[in-house]
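Two complexes come next, and they have one chain in common, chain A, joined by chain B in the first and chain C in the second.
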Partner chain A sequence: MPTPIGKTFFIDPGRCIGCQACVQACSECDTHKGQSMIQLDFIDQLNSPQTVPVVCMHCTSPTCAEVCPADAIKVTDDGVVQTARKPRCIACNNCVLACPFGVPKMHTKMNLMMKCDMCYDRTSVDLKPMCASVCPSQALFYGTWAELEELRPRSRPVNSFQFGGQLIQTRVNMMIPSASLVEHIDVTAAMFEPTVGHDIFADILLDNINQEEPL
Partner chain B sequence: MTTIPVETINIIEQFGPHLAHTKATNLDTSLEPDKIVQTHCCFCGQQCGIQLKVKDNEVIGFEPWYDFPFNQGKLCPKGVKRYLQGAHPDRLLHAYQRDGSASGGFSPLSYEQAISRVAAEIERIQTQYGPHAFGLLSGASLTTEKTYLMGKFAHMCLKTSNIDYNGRLCMVSAAAGNKKAFGIDRAANPWSDILKAEVVWISGANVAECAPITTDYVWQARENGAKIIVVDPRITPIARTCDLFLPVKPGRDVALFNGILHLMIEKDWLDHDFIEQQTTGFEAVAEHVKQWTPQRTAQVTGIAEKAIHRAAELWGTASTSFLMHARGIEHHSHGVQNVLGAINIVLASGRIGREYCGYATITGQGNGQGGREHGQKCDQLPGARDLGNPEHRAYVASVWGISPDDLPPPGVDAYEIMRKIEAGEIKGLLAICFNPLVSLPDNNYVRQQLEKLEFFVAIDFFLNESARHADIILPGSLHEEDEGTVTTAEGRVIKINKAVDCPGEARQDWRIIQDLARALGREQGLTFTGPAEIFDELRQASKGGVADYSGISYEKIEQQHGIFWPCPDDDHPGTPRLFEPGSWNPVAQGQGSFYFPDGKARFNVAEYSPPAEDVDADYPIILTTGRVVSQFLSGTQTRRIGPLIDQYPEPRLEIHPRLAERLGLADGDWATTESRRGSCTLRARVLKTIRPDTVFIPYHWAGGKSANQLTISAQDPISKIPEFKVCAVRVKKADAPPAYASELEAQQ
Partner chain C sequence: MKSEVVKATLWGLLVTIGLAALVIIGSRNLSHFDAALVAYTFSILFATFGLTYRYSMWLQRPPTATYWKRGWQVFFKQGYRRLNFGNWFKWVTADIALNRFIWSRDILRGLAHGLIMWGCALAVTITFPLVFGWLHFETLPNNLEYYRTIVFGFPTFSFPVDSFIGFLLFHGLVWASFLVIAGVMLAMRRRMRDEGAAALQLFGEDILPLVLLFAISLTGLMLTASYTWMKGYAYDFLAILHAITVIFTFLWLPFGKFFHIFQRPAQIGVRFYKDIGQREEAAHCRRCGQPFTSRMHVEDLILVEQALGYHYEINNDTEHYQWICPPCRRAMFALAQGRLWQGQRGGIALDSDGHPSTPTPQFVNPAPGEGPLGKEDAQNFHP
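Showing the complex of A and B:
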């Protein structure tokens, strides 16, 4: 489902280099200047430099809005889930606890839940969001499906996520390897998988060190 | 004696580094900027395009510049938060003199008084001890116009041989290797040639942290089918998903390249036509690499034999490729040999001078390329000419309107300047854009030399750690307070545009230098009215040289988003890709596409030698140093930007759990690292992403947190680059937290 001007937000964690340009640029967005709505997660720093930026996935049926007792979280006509409305938000933290992706943050000084609104001031006038503009690795990519298909032949977008019994559809897409057969990402199951291992070398460092050396 | 005038903590109290955070004017989204200025980032050699928002003579934020072709709006965290260096509480707004009675150790004086004092001291020292007794340290973050002016100021006005620059710590091994192999020192290709290379080979380059925008080029190549090979002692973010990771032992890169060439020859993965027609010297190199069997290569490099075979096969059988390297192979006492080894495998493949067939060093500093071309290097004159070459001297002297005999002979490198201070040959020093106390190796030695000077003047916008030793500090200009050109890692000459005026008594650096010349009564040739006029003379001075800028103008740069040099006349479009078949250059004169009289590239025997200081029983661990993404070089700017400090507050000692366990260290413990030169206590960060025989410390911090207390001042005999990337250390759990932990903030 396209955003206002026919563009979509894609995340490719395989590209992320952990530089935090997105985190820093997010706080330069005019709708929430001084506050970053992005968190960069290190998955398992002991074993790998793997990082992933956590931005709002803009669910088609947003749990945060559904659990809000004050009806403070609104969705624009084009599907962008917004920061809580200041006059309505009662800072109850329901949304913070309920969001399966862990996105909304409570800003206690302001008694307000704030979250990514996909740089609505920018995207509504056909500018890229700040994070996807600056992202040096383009792990965060904002563009048309045609651009995506041309630029990313090795991967394909997925926008369904399984959390226990809850299947969530999102407007933001996650890139997965083209060869992968899954139709949705089973997040609950993935929580119990090792962070490295799978089909890559268990340890690309020790495996490729000359074994004759005493280390 | 130029010891610091008061306790460090008191200097820090007044002059910082303090942290700037976003504040009211930055946060007020209703503010309409007065103007938006298209310019470039002030940090690394990629020189990303950026638009600065300006309100009431203050940079209040940025807007991505999507149209600039290199980065298309992309920025790293440093570029994003760079605007916070403006209107900073630590900004030097006056000239200062050392004053032990002032609480911060320095008291303000008028700009004119300061200029007179400096001129009088230069005059005194040069009269008493001779012209070469006054030295200059300059930098590669300055615009090319300023670097040209610094060279002219030293060579024509002060008539001293002793000027050198901080590019000595950066790209000089690559520069020397490139000149020996290609006859020219510039990235051979634009970065767009990475996009469809079948193999991208990255040696000693933490691309994701030190050249972040280059990441997208590498990933896009991978999308197009490229295999990525990364050679590094650490699994850096660019290495995490590479196709082949070669965990080289620090200081052994040339052995790897020789081993790869050995296999290329054995398997006949060579471009015989290219080698025969466009190169010389292959036979001697082929003979030399016979000894570099996979087994020996594995023993020396610490890389598994199977991985070496795989790398040779990927590289040897590709039809297009791009090889990149950076400081990881260059910062060595045999850095030039490492570079020559890399170039040999490129030449043997024949994959250069064509689309998607490329080779480049990733230049580190903002103007690392332009800053090493036009005369602030100790042996250099504009246009990449040589100060020791009579023809070159005659040409530049004619442009400057002087006799070639008036030009001094070549001088010595930046570290040798320190040794000349020790020897009593240099008595006075001017430093601009250079913070030797943080950035030079073995900096306890460097401190002793700064303390030995009779007179030291520093030009800077913040009081950097070295400037704390100065007698006079002149308030210079920030990047956004002046205009001029810089040349990017790709060899693209671009335009820096002025966004705001200098605050207070601060001046644009070129004005300060010219004011000094005038106060000395030697203003001949230093009466430019602005950067544009300096650039016009630079065009003339570079004309006919290898780095020919004569066809470049500010207008042309703006129209075409940069011009790649060489650009020898007004109608010339510039040269994005060097060495194309049939291309013309002033050295080969049509004989071939490389910059030698016969037009052929040179294979050079690349000799392996171990690091100057190898590990032993007393110091059994290898130390290597480098950067983190949120900091830049000696941190004079980035250690003053709050959000960047929040991201990575203090240096940590990276150590493999296998080694940490043997030393009884856990993640977060205070650990003391000792070399024969100094010691440094930092918290340990235990990670499986570094070789178990190696530890890593980022070098951006000063004082007790400085990695360069440990490093060795051994230098490459050709390039004079110091060996920042290897020395021998021992590590132990610290008995107690270091004193600084309770006294200083993270960035100080």
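Showing the complex of A and C:
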């Protein structure tokens, strides 16, 4: 059952409010009942409330599948990188350590790697993935390009990521400013970057205070 | 022809010829070989070639080759041998014999797999030696009421023909089929009712093996029913039908799901690799400084990725992206996006004095089922 043509997953960590709705909804998915596959992290809890939800980016050349000694990770014809096939996974941890986005989880007791499979039970019947269906800020968005363009005129999607000398293309898109000229997101260049946040006083309160009240 | 294909073909031929030689030796120059079972023998020989070929090709893949080599190295590593031998018995019992990890996945799944596995193991233990002429029964020269069991040409124990032991032995395949049919029913029920399974399963990979096992068991039982209660009604037809189902399964053995039977022991090697890795030097993340796995594992993965043609090398002190722990990778993913939005969403760099300048990621919700999925997962993600 292939996923519908034209529907795509878009991720925008900058919009995440850390509400955990995605975490809870993810564990409702039939393919991994009771276990959430969303990786939701505080980036720098001391300095910022910024959170990042990470789902599987469904790479076109998935490193996790390539480094799997048991050939347990399969890609569907429509490009969805599936979670480890249960009869094959030998719980070696290679995929967990090799994924450039830090996505897979290891359930040692079950001897099984588990990861986001874009809710294949839902997306293959034209439903949204659980996380995207509940995300209030739409940091996780699933829909058509036309819908996205209408909703996010200031953003544009990018699906190419640089890790050192390796460029990885993904099926899931990351939102960047439409004015930005970059063709791919250089992840390793941000290795020692500080957290980026909003200066609330400068941006919102002070602007409003200085603004003249309309008569 | 590629060198790995040549190697795999040679291994396949070697093992197949070795098995054929054992058939000749074990049946004492085919004197105990049952000619009626010759089709079974040749299908097993074909399956042996196919399985060895695929196994050899599988072992030559860079990640498998690395794990295979390292698995043996750590097993025989000085200082750990006694520990490893003890663990070998422990893990083979828990993982292979008892399937404890499958019971952890789901109780009904564990039960279904246990029934199918032990049913098949029992059937293979009985039929393969019979087919190869390694096992046959002879009446005692001085007592026709007794059978002697001849294994590989050597006489072993004797038992009365009309005894409970005799009944159990001669109906071994009936008991095996009961186990397999019960397991297949449970597995099929799950595949028909579970929405998660329905979304991912493939006919050839997941349904066909169950259909084949059911067909073998059912036609086998029909043979017993025919000669026991129906005076051999349709016995020849049933014998051919049974042979077709069994031979098709053997021929398909190297290509489908049943190959996992031969892959699964690799899990034991992985356990040694991870156990010894944990006792030795840890890898420290070159961004946050936290330990996250064994140094051996990171170094091996770098070699595997290079062999696969990946270029995750970084031109600074980090050297390779593999030295970055999974949580830091996720943090960098967000920080890279944040950099691009800086100034456009009113963003500024938060780098206050007194706090570490490198943001350290933490799970928002480390609760069971929501954060790490166990102790090893927590170590990977150093919460």
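Just so we're on the same page, the second predicted complex is superposed on the first by the 191 of 215 C-alpha atoms of A that agree within 3 Å, B and C clash if a C-alpha of one lies under 4 Å from a C-alpha of the other, contacts with A are read in each partner's own complex, and residues count from 1 in each chain.
As a working rule, a contact is a pair of C-beta atoms (placed from the backbone, for glycine too) under 8 Å apart; a residue touches a chain by one contact, two chains touch by 3 or more.
What you see is a predicted model; the values in this text were computed from it and never measured.
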First (chain B), second (chain C), both or neither touched by A:L151: first
Touch count on chain A, higher of chain B and chain C: C
First, second, both or neither for A:D186, with chain B first and chain C second: second
Which of chain B and chain C A:L46 touches, first, second, both or neither: both
First, second, both or neither for A:A70, with chain B first and chain C second: second
Which of chain B and chain C A:G79 touches, first, second, both or neither: neither
Partner chain(s) touched by A:A21 [first = chain B, second = chain C, both, neither]: first
Partner chain(s) touched by A:C135 [first = chain B, second = chain C, both, neither]: first
On chain A, the residue positions that both chain B and chain C contact, one per complex: 14, 18, 20, 23-24, 27, 30-31, 33-34, 45-48, 50-51, 154, 203-204
Touch list for chain B against partner chain A, complex: 22, 26-27, 29, 61-62, 64, 66, 73-77, 79-81, 208-209, 212-213, 215-216, 219-220, 222-224, 235-241, 244-247, 298-299, 301-305, 307, 629-630, 643-644, 647, 657-658, 667, 686-693
Chain B partner contacts - residues on chain A that touch it in the complex: 14-21, 23-25, 27-28, 30-31, 33-34, 45-51, 128, 130, 133-138, 151-154, 203-213, 215
Contact set on chain C toward chain A in their complex: 58, 61, 63-64, 66-67, 95, 101, 104-105, 194-196, 198-200, 257, 260, 263-264, 266-267, 270, 273-274, 287, 293, 297-298, 301, 304-305, 308, 310-315, 318, 320-322, 324-342, 344-352, 355-365, 369-370, 372-377, 380
Residues of chain A touching chain C in the complex: 1, 12-14, 18, 20, 23-24, 27, 29-36, 39-48, 50-52, 54, 63, 66-71, 82, 86-88, 90-94, 96-103, 105-112, 114, 117, 120-121, 124, 154, 161, 163-166, 174-177, 179-180, 182, 185-199, 202-204
